[in-house]
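Shared chain: chain A. Partners: chain B in the first complex, chain C in the second.
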Partner chain A sequence: MNKNEILSVTQEIFRDIFDEDDMLIQDSTNSDDIEEWDSLNHINLVTSIEKEFNIRFALGELVSLKNVGEMLNLIIEKLK
Partner chain B sequence: MPIFYESEYNQYFEDALFGNNALKEFQPDIFYIHTTVVNIINFPKSNDSIDDINQLIADELSKYQSIWEALSKYNCAIIQNNFDLPITRTLGNLDCYSPLGKVNFVNKLNEGFSRFAQEIGNLYINDINYLSSYIGLKAWFDEPLWYLSKYALSLEAIPELAFNLSHIINAIFGNSKKCLVLDLDNTCWGGIIGDDGLSGIQIGTETAVAEAFTTFQQYAKNLKDRGVTLAVCSKNNFDNAKEGFDHPESILRFSDFVSFKANWEPKHLNISEIAQEINISNDSLVFIDDNPMEREIVSSQLPSVSVPDVGGDIAHFIKHIERNGYFEVVSLSEEDKKRNAYYKGNEKRLAEQVKFTSYEEFLKSLGMKAIIKPFEDVYLDRITQLSNKTNQFNLTTKRYTTGEITAISSDPDYITLYGKLVDKHGDNGLIAASIGRIREKTCHIDLWLMSCRVLKRGMEQAMLDQFVTICKARGLTEVVGYYFKTKKNEMVSNLYECLGFTLVESNSMKSVWKLDLDQYNAQNIIIGIINE
Partner chain C sequence: MNEFILDDIYIGLTQSFSVTITEEMLDKFLAVTEDTNPLHIDKSYALSKGFSDRVAYGLLTASFYSTLVGVHLPGKFCILQGLDIIFTKPVYIGNTLTITGKVSYINDAYKQLEIRAIISNQDGIIVSRAKIKTGLIDA
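This part shows the complex of A and B:
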């Protein structure tokens, strides 16, 4: 999968969790941009992404994520 | 639909004991106290004597007693989790029988909870000790999720917890099922009595299959013995059907059934008649049948009857009935009598308990000590991290990079403070930070945040005291505070007002507050400051 494909799958997950069918995300999107992105939805996001891509994030990796771009890069790294 | 009031993070004890207006106005019907093994702070230590350990148990139990007692003024049901087992056992198998073992300790606390629940009429135990064993501790507790989000149980376990809880709530409101309606052939015994005859059906202990049917009958019998009504709904000749319960190995007898429908009418008609005969509504019935067609007919024609998909294998029937908690009860009638006797003894017992007469007294009992000092290099990462993830107690929700924080920490035009808090339960770590920007004789508070885990502990006052002290030392005359409204920081919308600031201006998005330093008197009387 290339980054665009991963972005589009991740975008579907975001749309599903935030219940917004036309939500668009990009590298710079972070929790300040999405009102509903609280700690509970963050867990939902992480869990859905882990399930979708069949990967597991390690503890420290998640703490340092600042935006969607970093999240995508981490997914790419894990899929290698 | 139920409406929920949720306490702030880890505020269950404070909210219960000292109440708050929002909770009072909410007028709850049910309190649910979701505590788990992670809420136990003082486990036995390796050099504790038996007396020490007994004291620890008494202290822990007394904490919950005081919660239940304080909540009794709301006159509603209290559902309290007991404790799941700790995921690690330092002593291995010894952990369960050494008084120093955590497993042993948890078991004793659970015994204590059971004792109280037997005595206190409106206290119900949500048995997460059983539930976690049932799904497995490994699946129940997710370590990363705990470290990351302070979830006391895994995502997978949450629906299990909620479902289990719903059974208790159903029972409290009298919505549990009352009648178990059973099919006969291949449900109460193996085989078809009309074809195989009495000697041909499988019941008893001779074969594996017969044994499974016997166990199922025994289960139904046990339900009957504790007050569940039994009925039969079977496509059979009445005489054949009745004869099945004359089998010498049969646990159930014809007389165990309050209603017995064995004929060739469609089952949904029979079940309607059963409900009318017993004089209960359809939604009090649970129908068990091994035949998916029959289940389909009944559930489509009588949607309020519970028709679990038990499959076709008798070995799993009981599990389906159990897991759905259809027949959950919160008391048996004998116990009800005992409970009434409790109330008299209760008043006295509760009066003897150690109580706090005020919130202030409680806070003092925590023995809090704080370090409140300007930013130091070792903490810059933590402060940056807090500035980026704190949403609730955050007046401006201004995000900073490590570079910005580092620059500010050494800039003379800024006043910075971090706060660390220790109490008798442990070290809370670095939980507060503020940044003030100096312009002439005024200090503007650009950032003030605190972790939710130390809310309402007096740390707000302690931080402000320290902030003011530094401002005065720098010859400043006033402090200006800003509240920028976000969706998540409502809890601090009136913080500055509570701390004695005067409103300068406000609109729907923000408010600006001013504090005259000459007029300021120190407010913290609870927390000891230990800046060396």
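This part shows the complex of A and C:
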């Protein structure tokens, strides 16, 4: 999968978690941009991404992520 | 009460328990919720709509999903985070329900469990299904 394909799949996960069918995300999107992106929804996002891509994150990898772009890059690394 | 911690839990870990629905349970649920829909309190109305008796409140029976995670799986260290329920068959006073949950996913980083659960009646018929998300506050 290339980054655009991963972005597309991840965007669907965001739409499902935040219940917004037309939500658009980009590399710079972070929790300041999405009002309901709280700690519990963050956990739900991580669980859904792990299951969708069949990858596992360590806590240390997650705490330093600053935006969607960094998450996508981490997914790409995990899929290699 | 079980006290499963993250290290104890694996995909497929299953727990279950049984309970019989009583008229007193319906009456108490009515007192708390003030849900006066006649399907739950008027037998003749329920019969006229094709049911065989007063129908137990769906969320009364679903409240046992709370017991499942809070007492059995994972038990003491549970914090309920989400519940997605589908009701498939009616439940009546006198039915004995078996609530069963199986761990289907473990998010190790954030200590979140996903549990697939069902409630079945004394005839083995599934009356509801649920996907449950719980956190673990075991440390």
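The rule we apply is simple: the second predicted complex is superposed on the first by the 80 of 80 C-alpha atoms of A that agree within 3 Å, B and C clash if a C-alpha of one lies under 4 Å from a C-alpha of the other, contacts with A are read in each partner's own complex, and residues count from 1 in each chain.
The criterion applied here is as follows: a contact is a pair of C-beta atoms (placed from the backbone, for glycine too) under 8 Å apart; a residue touches a chain by one contact, two chains touch by 3 or more.
What you are looking at is a predicted structure, and each value in this text was computed from that prediction instead of being measured.
In the superposition on chain A, A:77 makes contact with neither chain B nor chain C. Look at A:35: by the touch rule set out above, it reaches chain B but stays clear of chain C. In the superposition on chain A, A:66 contacts chain B only, with no contact to chain C. When the shared chain is aligned, chain C comes close enough to touch A:51, but chain B does not. Looking at the shared chain after the overlay, A:20 reaches neither chain B nor chain C. Looking at the shared chain after the overlay, A:43 reaches both chain B and chain C. Touching of chain A by both chain B and chain C, each in its own complex, is seen for residues 43, 47, 57-59, 62.
Put simply, chain B touches chain A in their complex at residues 144-145, 147-149, 151, 155, 385, 388, 391, 397, 399, 487-488.
Taken together, the chain A residues at the contact with chain B in this complex read 32, 35, 38-39, 42-43, 47, 57-59, 62-63, 66.
Touching chain C in their complex are the following residues of chain A: 40, 43-44, 46-47, 50-51, 56-59, 61-62. Partner chain A is touched in their complex by these residues of chain C: 81-82, 105, 107-110, 112, 114, 133, 135.
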